[in-house]
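Listed next: structures, encoded as structure tokens.
Same chain, two partners: chain A is paired with chain B first, then with chain C.
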Partner chain A sequence: MNEIVDMGLVNWSRAQFALTAMYHWLFVPLTLGLSFIVAFMESIYVKTGNEEWKRMTKFWMTLFGINFAIGVATGIILEFQFGTNWSNYSWFVGDIFGAPLAIEGIMAFFLESTFIAVMFFGWNKVSKEFHLLSTWLVAFGSNISALWILVANAWMQYPAGMHFNPDTARNEMINFWDVLFSPVAINKFLHTVSSGFVLASVFVLGISAWFLLHKREVALFKKSMLVASIFGLVTSIFIIINGDSSAKLIARYQPMKFAAMEALYEGQSGADLKVFGIVSTEKHDSSLFNLPKVKYTVEIPKALSLLALNNANSFIPGIKELIHGDSVRNILPLQEKIRRGTLAREKLAALHNARANKDTATYLTLKGEFMDPAFQKNYFAYFGYSFIKDPHQIIPHISLTFYSFHIMVGLGFFFVILFILALWYLFSQTIDQKKKFLWLALLSIPLPYIASEAGWIVAEVGRQPWTIQDYLPTFASISKIDSSSVQITLFLFAILFTGLLIAEIKIMIKQIKMGPKDH
Partner chain B sequence: MFNFVRKIFWFYVDGFRSMTVGRKLWIIILIKLFIMFGILKLFFFKDYLGSRFSSDEEKATYVIKELTK
Partner chain C sequence: MFETLSYATLQHYWWFIISVLGAFLVFLLFVQGGQTLIYVIGKNDTEQSLIVNSLGRKWEFTFTTLVVFGGALFASFPLFYSTSFGGAYWLWMTILFCFVIQAVSYEYRSKPNNFLGKKTFDVFLFINGALGTFLLGVAVATFFTGANFTVNFSNIASQQGNIISQWTSSWHGLEAIADWRNVLLGLAVFFLARTLALLYFMNNIDHPEIFNRSIRHLILNSIPFVVFFVAFLAVVLTMPGQRYDSVNQLVYVESLKFWRSFIELPLLAIILLAGVGLTLFGIAISIFRRSTKGIWYSGSGVILVVFALFMVLAYRDNCYYPSKVDFQSSLHLGNSSSSYFTLTVMSYFSTLVPFVAAYMFWAWRAINRKKLSDKELEEGGHVY
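This part shows the complex of A and B:
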């Protein structure tokens, strides 16, 4: 298959998916986090009866509504692409995505669509308590909707709970709970939604800072800051703890991604953690696959081993070991994985031919061998490697993965400091005098968007070339379509999404400048 | 039951009538959905396998051939 594959088509298809996913993700996290912040504010209003909290709730709810309306359904475009650009992949995935996405559709429809109407239209028409319940249900509904999409993504990173049917070439779900509760799925859900919580907290903090800088509604926006800072601090600390678990899972299940995140080319016992580095244009020699050198590094001794395996002296394989193997540490060389994957692929072809030729005896024998758990574990688990022709194909883009990871982590720690400072100044009642801090908070609004997008780059670029980890690479996943049609739709999407983003920013800014409405 | 449905209907109608910024958002949503489903999905995003094969068996045969050749 590799010989005839059009890499231009693969790259354009990847670019289109990346563009739409990243634009989609500009809208989603604010919805996830702001829905909870609004729910907290409304809860305080219902508890205290203080009308100022109601004004505040309504102000942030309007911004939530703008973001929700502009962002809604932008993710459907990703599903369009599956069927058109990635038909082999879509077919191969089988019914794995069916259940999660169907549940997502039902949840989104019933919880969000129904209760969001009560949220916006129900003031003074339903009881305070029912309105509050609706707000909370929207918050939970939107976050649980995200769960199902993230479960689908986690399955691609760590396929679980399925078996492959060689007759249909599709994966079939054998255990829904293994798909839903795989360690990667749980971690990914918590990490992703909490990134939305942090993003919304920085958003509320920054907008509130703007009001304080303009000395408008100072008392009200100090309260907003307080809610955002507490929520932001708790979730930004949580995301660091959860990020640590995420790193451990990546080290275990996606060691090549882990090596790329830290540009670890040669394995080390007691591996150092690079907290900073510049990926140079200078290259190593072919013994290290001509990978770019990383210069000006600042390292914490043994911290990478500690981070990955809770043991400061443990061995972390580098890209070299992951390609050449390490018999002492039971790391299979790439060539062996290719051999095993090729055997699985040849058996699938033989089985298919026997079936087509109605050679029942051969077909039954081959099918029995193919479905044997030992064959599945030792051979079919490497199916995707049969498409690999060159070691470079399994190395993710180093600088993109390395920088994205470090930007994400660096900003994660920055947010903790930002929220601590905000709370310190709020409790010492000096925040309105701290002009530099208020500007910092305002100018920080884009940063969690950058961190969040960087996180997705680590997750997705870092697992290249796989669409389904170890089972299917991108270049075996695509449809045979004209790459010019992918280019055209890519530019159409770019125009559509840019238009939506401009509309959102303009409407948001107008609404923010208007400020909270009077009673 | 009829009363309940009527109440919900008027709840939505009143809600839409009293919208301010929401009207602009609805226009954006409708334009967006039209572009997505009326143009992009209809003309640019045909189901590759669905438009070429009529049965699941044909689709499976095609994908197996693609993956094993």
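This part shows the complex of A and C:
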């Protein structure tokens, strides 16, 4: 194959998507979690009639509104970017990927935008109960919207419920439930929204700690702390359990990503789990694709096998096996995958030629082959490998994936401890005196943002080079535009979003310092 | 239920939904139009604040409708999505920038310590209102006048580059602005948005000076709107267009395509004429009778007109996105839609639309019973 691929364009397009997605994800998790925290608080207000809960609800609602607006602003770019920068992708899988986006709009966005208006402007215009219902509907609307986009993302990681139609040269949905309820989709949704809940809980805990440190509205913010700590503890424990399932799914469906997460270069039976390690500039072994050496590792024997496959002695393939293959364990070598993918692509070209030349017999024969599920499973499933030229192309960035994974997991455990301590001090009524803890809670606010972004880096960098796992690499997914155009829009987005982020932070800080309004 | 429908019927059903969404989107652009009038109609802080808060309570509807319009297009006609967005890169990206800067401006403009200053956010709102509406009009006009692209499904299997949809103009969408016919619709949409905004202010804000100024400016904006729209309509009705011949599976050029289409689809012609009549009636009663109900008549009229125009674009085997450089690449319902299965699945979700409309109506009725007044803003609460 001798394709003309502008790798500059591919990389700039990737950079733009990464930039806009990471900015978007700075704001969305807080919306997801804070919407529920506000709904809890308002429920207590409606139940008890205590005006202090109303003040607290309104305070957190103001911060929610500031954050919500910028989440919306950064989100629209993502939706349209699939078309503007990933034109081939949009056609190749739009039949499946587009549906969740449309359903998201119909089911969730209108729900959010309608009831958020009632939530902000309806305090003195609708009944308490109607207002509370609106607040809950905003919370559910936000999270339902996350469901559909995460279903779409999960499908890219684990394509299911579709077959390839050679006439239209695209994948088409054949089972909606397989797309919606794929194990990866369910896991991804739960993992991601619960990370938003944890982030919002740390946010509320940290800001409440600031008020306690300044001895302002102490009683009020102890209540906020209580709500956040309970919500945060439950969801941070859940996310660890769910994260374990997530790792098992990755080990099964995206073994290369799994190997990169743990920098596992050579497969092991009873593989050790690296709890810590430093990725050095030295090469691990020249025969192993110049992979970087991981030094100063702290390992738990056999734990990786146990976590991935529930069997301490099971074999976990490393990057070496995933490229060279392992006939004993039925792991296909990369060359074989390339051969099969190339065969599928050549047959597709032949089919289109036959159709163009009105060679009906050849066309029908080839079409019959494509429609055979065995061909789709054994050959077309490797279509994306026909674009691969070099083994390095299918190895994700090791240090980025490795560090991101370990940072995310480490912080996940830290949050559990943080919430346990908060609850302990709250119930023992000593939290006012625990200055160090209050400072720790305050300084922890950036940490869930780091964990959350790290999680997306693991998910997205770890699956490179695929936009659709095994079916389509990034360099076959792009639009035909000049890379200079993408560079310009990338820098414009960077400047604009950075400006808006600074504005958001400054407004937030000011609103926090102003504190809850009096009645 | 939907499984019993043919593939062609589902394709037409989904174009019907796209047309409804497009029609509501154009109507809701009154928010954008209003943003260009904040300092024209509002002469002091209180008046400007009333205008901004009146618009600010609606901006999310326009934004959400735009997002849903895009999502529905992606899901139902992905070839349009991949061809137009990936090709007319600069046109769509500029439109997106206009909407990104709008989304935060309401929330941030009057907040203390907002870094960029109130004026900056008001400029953002103006840019969104002026450039956003004009460029959306230009982009929609290309559905009638055509664009510079080719589509070849075989490219994905080719060894010489594998991008299916390719744009042939290096201006990547900006060339549309050089076509005077597109500019006509761009200007029509711009002045329409302002006209609707003025009708909306008269209905939604309880303030005599704003009311009187709105009437004066209604005359100034509705006249150019009518002139540009009628000119565009005249161009469209007399121009040739592309149509798909399903028997020979070829696209061919038909003279007076849209004129013939309206003749063959008389219901759409009636809807178009009724819409034009309602739009003008709404403007007229506002100017001559000082009625506050003009927005309802003109709003409904605009929805009907845009709906009819969108429908006639694709029904009757018309090519709704003609290629200027390769007729056989032109997009029509048959070659650009999602699969039968996907359209069927999504059709079930489309049945939620009436419920969505119902709860939107219910919620807004609950909080919009009274006109917005300066007294309400003084009472505090969430103010933009």
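Definition applied: the second predicted complex is superposed on the first by the 513 of 519 C-alpha atoms of A that agree within 3 Å, B and C clash if a C-alpha of one lies under 4 Å from a C-alpha of the other, contacts with A are read in each partner's own complex, and residues count from 1 in each chain.
As a working rule, contacts are C-beta pairs under 8 Å (C-beta built on N, C-alpha and C of every residue); 3 or more make two chains touch, one makes a residue touch a chain.
Only a predicted model underlies this, so the values are computations on that prediction, with no experimental measurement involved.
Novice: Should the pairing of chain B and chain C on chain A count as a clash or a fit in the superposition?
Specialist: clash
Novice: Using the touch definition from the top, say if A:F276 reaches chain B (first), chain C (second), both or neither.
Specialist: Touch partners of A:F276: none, neither chain B nor chain C.
Novice: What is the contact status of A:F413 with respect to chain B (first) and chain C (second): first, second, both, or neither?
Specialist: A:F413 contacts neither chain B nor chain C.
Novice: Go through the superposed model and pick first if A:F130 touches only chain B, second if only chain C, both, or neither.
Specialist: second
Novice: Where does A:F181 make contact in the superposed view: on chain B (first), on chain C (second), on both, or on neither?
Specialist: It touches nothing on chain B or chain C.
Novice: Just to be sure I read the superposition right, which of the two partners does A:A99 touch: chain B = first, chain C = second, or both, or neither?
Specialist: The answer is second: A:A99 touches chain C but not chain B.
Novice: Which partner chains sit in contact with A:I502 here, chain B, chain C, both or neither? Use first/second/both/neither.
Specialist: Once the two structures are laid over each other on A, A:I502 reaches chain C alone.
Novice: Using the touch definition from the top, say if A:F120 reaches chain B (first), chain C (second), both or neither.
Specialist: Touch partners of A:F120: chain B and chain C.
Novice: Looking only at chain A, is it chain B or chain C that touches more of its residues?
Specialist: C
Novice: Quick one: from 8-16, 98-106 or 296-304, give me the piece of chain C that collides with chain B in the overlay.
Specialist: The one stretch of chain C in steric conflict with chain B is 98-106.
Novice: In the superposed view, which residues of chain A touch chain B and also chain C?
Specialist: Common interface on chain A, chain B vs chain C: 1, 62, 65-66, 69-70, 72-74, 76-77, 80, 83-85, 87-88, 90-92, 117, 120-122, 125, 167-170, 345-346, 348-349, 352, 356, 476, 479, 481, 485, 489, 492, 496, 500, 503, 507, 511.
Novice: Touching residues of chain C toward chain A in the complex: what are they?
Specialist: Listed in rising order, the residues of chain C that touch chain A are 57, 60-61, 63-64, 66-68, 70-72, 74-76, 78-79, 81-87, 89-90, 92-93, 96-97, 99-104, 106-108, 111-116, 153-154, 156-167, 170, 172, 338-339, 341-342, 345-346, 349-350, 352-353, 356, 359-360, 363-364, 366-367, 369, 379-382.
Novice: Could you please specify the touching residues of chain A with respect to chain B in the complex?
Specialist: Going by the criterion above, the answer is residues 1, 62, 65-66, 69-70, 72-74, 76-77, 80-81, 83-85, 87-88, 90-92, 117, 120-122, 125, 167-170, 345-346, 348-349, 352, 356, 476, 479, 481, 485, 488-489, 492, 496, 500, 503, 507, 511.
Novice: Give every residue of chain B touching chain A within the complex, in rising order.
Specialist: Within the complex, chain B contacts chain A at residues 11-12, 14-16, 18-19, 21-22, 24-26, 28-29, 32-33, 35-36, 40-41, 44-50, 56, 59-61, 63-69.
Novice: Sort out for me which residues of chain A touch chain C in the complex.
Specialist: 1-5, 62, 65-66, 68-70, 72-77, 79-80, 82-92, 94-99, 101-107, 109-118, 120-126, 130, 134, 165, 167-170, 172-174, 176, 345-346, 348-349, 352-353, 356, 387, 476, 478-482, 485, 489, 492, 496, 499-500, 502-504, 506-507, 509-511, 514, 517
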